[in-house]
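Heads up, the next two complexes both have chain A, just with different partners, chain B and then chain C.
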Partner chain A sequence: MVALNDTEATARRNSVPWLTLRRREAIEGWLFVSPTLIGFLIFFLGPLIAVVFYSLSEWNLLSQRATYVGLDNYADALTANRDFWHVIRNSIFFAAGLVPLNMALALALAIALCRPGPGVVFFRTVFFAPVVTSAVAWAIVWRFLLQGEAGAVNQLLAHVGIDGPNWLREPNWAMVAVIVTRVIKMVGLNMILYIAALQAIPRDYEQAARLEGASGWQIFRMVTWPLLAPTTLIIMVITTIGSFKVFDHIYLMTGGGPENGTLVLAYYIYEQAFEFFDIGYASALAMIMFVIVLALTIVQLLLRQKGSA
Partner chain B sequence: MSGLKLSNLSKCFGKAEVIRGVDLEIEDGEFVVFVGPSGCGKSTLLRMISGLEDITGGDLWIGDRRMNEVQAARRGVAMVFQSYALYPHLTVKQNMGFGLKVRKEKPAEIARRVEDAARTLQLGSLLDRYPRELSGGQRQRVAIGRAIVGHPDVFLFDEPLSNLDAELRVHMRAEIAALHKRLRNTMVYVTHDQIEAMTLADRIVVLRDGRIEQVGSPRQLYSRPDNIFVAQFIGSPKMNICAASDLAGPLSRAGVDTSGAVQVGLRPEHLRLVPEQQGLMTGQVVISEYTGSGSLLHVEVAGVGTMLVLSEGQEGPRPDDTVYLAIDPGNVHMFDADGLARRAEDAGVSASGAMVAER
Partner chain C sequence: MTRPTTIASAVAALALLSAPLAAQELRFTVWTGNDAHLEMLNGIAASFAEKRPGVTVNYETIPAGEYVQKLTFQLAGGNPPDLGWMFEDAMPTFVGAGAVRELTPALESAEGYDLADFSEPAMGLWKKDDAIYGVPFSTSPFMIYYNKDMFDAAGLEDPLTLAGRGEWDMDKFREVAKALSEANDAYGFEFKDGQGYDTRIMHALMPPIRAFGGFAWRDGECGFNKPEAVAAITMLHEMVFEDGSIVPPGEQGDYFSGGSAMTINQISRASKMPEAGFNWGIAPLPTGPAGASPIIGQAGLVVFSESEYPELAAEFIAHMTKKENVAVMAQFFPPARKSVLESDAFTDANALIPAEQMQNVSAAITEGTVLPSHERSPQINAAMKPRVDALWRAEADVQASLDAVCEAIQGDL
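For the complex of A and B:
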């Protein structure tokens, strides 16, 4: 019997001439992706486009009236509004504090916990558990621990003779407290990424280096660290983006205070939109944040391409 | 340069004893190969010499220094890994100079020694490439180059050729042999491939279950194996082992005295196909494997079992053919109930002249 090619066979079986195998597969493919695609269009792309329009209008949620104002909202943010630059400065401070601390701690924990040994699984769980803990519970517990004189942290400090500040009530200390508690909550995620990367480095490298007389520090500096570079880069960008988007932690721990000391971009947007109902201005801020995050993402992609070239 | 002495060396991982009282002396400049089936402890023993595994019991001497507690880097050994362990982010030049750099040698001295080694191994044109840009054989040479650069007393090779294809393996084997001839360093080489062991070694150490089964030159191991394990491990195709009682008739007709032997070993190359009237055994060919220069025959001999026979020439017998076999009386290996070799002189009988003459 002469074998029919796919197109002929399909056409004959279906007796619908235009429905070739290729077209049939294409239709099936679109049907398979359609649930996600439709969801993406309605719940993601739609709002995104809407935000662009809102950002170009003056719209107070209470008055229900929107008027087109062009780029006024952007101009307002970038030039007239002193709060905006304060907020940007806070966001940068938050990222600059959180990212290095998070990464250094994650790497140190990963090195300590990457090889099998007594207690390793236990400690990995201990450091990863906060990642999957409810942010609300986490924040409430830490607010309790960081209370002025009665808080457990200050009581511990008092034991060693340090008179701790009222952490969440003083502008500078509040930011430090928010950063540190956020690092403790999220460090487990980066630790896992680093553990995976460390485990992917063949042990032969370390052993070869040891045989050639390299010290532990030399092995880390000359072999391990360079081989971790791609992972370090990804972790750095992801963590930076995450820190620019931080909201829940601020909302629950300080509400942006005291004296706007922890007022960061995402929280500021929320405040403008849902406390002051200034949707137009908030949308413009959201667009600015979108551009910042997009820029960081592009930087990440470029660096990754460069790294793999 | 220096020799090695392993004295009652043992190694335990938890409760499992993987090296059990190994005694061995390796002469200065000798090429010694550890060979054995996987899990026999050969790599562990090598890593104990290198210092990458600590020593549970016994003593290790390199030259006249006891090395048990000496750091790996201070033992004067260099190791070539099965995976090559070339750092992927460093060029060939940087890989080869790594050890000197961590020991804070001057850059000019590093460059000089790397270039020396590169010349020895014909790596000159590859110095600025990264490992991923090299072929398997080139990577292997770089790994050897990295070992040479440090001017070690002893080279350790851990199955260095097992990641290469068959052709390249033969080529690199010859290069390693040539390198040993030129450098005259002590070399200890681990492999599971008995051909590699036979072709490279001054002496072979056959290991099984963490113990030495036999130490000797390739020729000694082939012609005078101490036990059935060595007899079957060394030589390809494998030696036929049969019950002595089953072969008593043919062997006595061949003039071989089997008294005291429980098992008898005959290598496939020492069984000859002969015309019917000269035959000591009759068998039927079950399988015939054509190898080019001849054929490997699986011959079913009634009352004995299947025997491997190497037949030379293009026109060998075909399956189902009846064949007649002669035994080479000088190459019959006899073993006692424990599988240990029984030599003619053990029994006090002077038979099989070839075996005695070989002493």
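For the complex of A and C:
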């Protein structure tokens, strides 16, 4: 009996406890990330997988009748539906107008406002304020300003002898108007990112270049711009993705009109899902949008890698 | 009988006996948050509870702008209300999808209900074949609101006077709209709530189209490009771009703040008039080559197919729309019951509108027809919108634009 007890004690001493420090830390780690992880699984990954399945069905939400149709929804969008390609063209036009304009303006403002000086904080606040302004209030105000003859914008133009268009009632001008008002609303965010990046560039580089006789433009082109490249890439990616996902601005300012001139992909998906309740087709469109945005992001990343190689 | 069987039978009998006494709550969706409306609706629920003890009605407000959308998600998400209000334009879609229940048996078996008392045209939208799927609780005709001060300033007789003499027709409407915009710093006419080019296209186009004898669609045939409709829309187009008498697209000319001398709207908008600060009145819609063609806007009551208590919900609708309660609701919602319409209680019900003008409202309800509707209304409206946008350009060819409208919607008709 005594011998047995000794064996037990020895075994206990030699055995590794289950809850080792490593395991304990791992469990703690999982517990810490679990709220986010659970949220990610339930509210992001789950719906994302569900959308793939929905896109393979013809599902009317109201009647709750769902039929498996394979890739018919994709085929319908890509080959049979005339509106789809019109919408894609509009989305590309919107992104092609918004991204360069937003980035150029953000960079210009950041260069002007990155160093301490009189009024800098005030102007940074002014340009950032629209970012935190309610999208509804923003759209309502701009709809008033952009009225035909009675609008403040056209009255200002009339003072300098320009007969302004009926901004939100002519398809091409409506697209220009939504791009410009969107840029004014969101440029502050990119400006802040560029300011942070500019402030992170050591002043020594600029001073060294200046000692070598470089002009201001040469310093920007040869020193500042290459060092801003990672930030530029990030800004380009998030602005491009944001431009393809734009919805609230279109919904509030033009409702996709006139003549479908501002009907972009995200709004079109909304229309199919929440006005026509055609969840299957809307899900297929959402998957197409996902692929487009993913492809654009990969292309930008590849370009960046090629540029830095 | 064995002992366990006896106990089980006793429990079952007890459950059956106690079932009517158990509390049952009906979920009722509405789009009003108005305290006076809800107080009135709760009063009707209280009178129902006297008849059916233990039954309560819980009104849930969903804002009008997102009503259909949120309702659909509640139905699809397994959280269906029992009954609710329904917009006229959404009704065919809900019936087509089987989302609402037939009410005919419940209404026919309700004691003293008098189904025949409902105005026949007012019931048209809520029936499919002979089956009733909804009961209109608000049948409100579109009337011309006019700014009397602006008519006086222009030295013109107002529409009510002209209508009294039978001279209020489309030609006169165009003539006075032009004269009003010339005499006042305002437009002559504004489409309903200034939304005639966007969300209220049908409200803008249909009154003149019907006055000219045209139609939107009928038996799968598009009527927008028929001669009557083209003549009507040509007149509107000329009023916008040649006369400058209708608020043009992209401009603001709010009637209620004095931006326009006339508009078209329902009598519920009279509640905005006391704060408008000018003298005003309401008149019938102008007649046209096809005579008078009043238009009514409706909202109805429906029981959802997925309701937990469908029979009880249908019984409550029968209770809510019996004569006594329709008379109570008439203070806010114009009725479709002829007996209430013809009573003094209705013509005297609205403190803001004189009885003389309310008689025109009664007449319009009795004779009026609803706006066109279709099971695929959302798709039709979306297909129409860009083509109608093209119509509202100064240089637009009206016939070609309306041909394009018909081409766009033909597949959905």
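Some notes on this structure:
Criterion: the second predicted complex is superposed on the first by the 279 of 309 C-alpha atoms of A that agree within 3 Å, B and C clash if a C-alpha of one lies under 4 Å from a C-alpha of the other, contacts with A are read in each partner's own complex, and residues count from 1 in each chain.
Assume contacts are C-beta pairs under 8 Å (C-beta built on N, C-alpha and C of every residue); 3 or more make two chains touch, one makes a residue touch a chain.
Keep in mind that this is a model prediction, so the values were computed, not measured.
Once the two complexes are laid over each other on the shared chain, residue contacts for A:P258 go to chain C alone; chain B is not touched. In the superposition on chain A, contact is made by A:V223 with chain B only, not with chain C. When the two structures are aligned on the shared chain, A:F122 is found in touch with neither chain B nor chain C.
Of the two partner chains placed around the shared chain by superposition, chain C is the only one that A:S63 touches, whereas chain B remains out of contact. Look at A:Q147: by the touch rule set out above, it reaches chain C but stays clear of chain B.
Residue contacts after overlaying the shared chain place A:A214 against chain B, while chain C stays out of touching range.
By the touch criterion defined above, A:F32 lies against neither chain B nor chain C after alignment on the C-alpha atoms of chain A. Counting residues of chain A touched by each partner, chain B versus chain C, the larger count belongs to C. Residues 60-64, 144, 146-151, 166-169, 255-260, 271, 274-277 of chain A touch chain C in their complex. Across the interface of their complex, chain A is touched by residues 69, 72-73, 75-76, 93-94, 96-99, 197-199, 248-252, 378-379, 382, 385-387, 389-390, 392 of chain C. Taken together, the chain A residues at the contact with chain B in this complex read 202, 204-205, 207-215, 218, 222-223, 226-227, 229.
The part of chain B that touches chain A in the complex is made up of residues 50-52, 72-74, 77-79, 81, 83, 85, 87-89, 98-99, 101-103, 146, 150.
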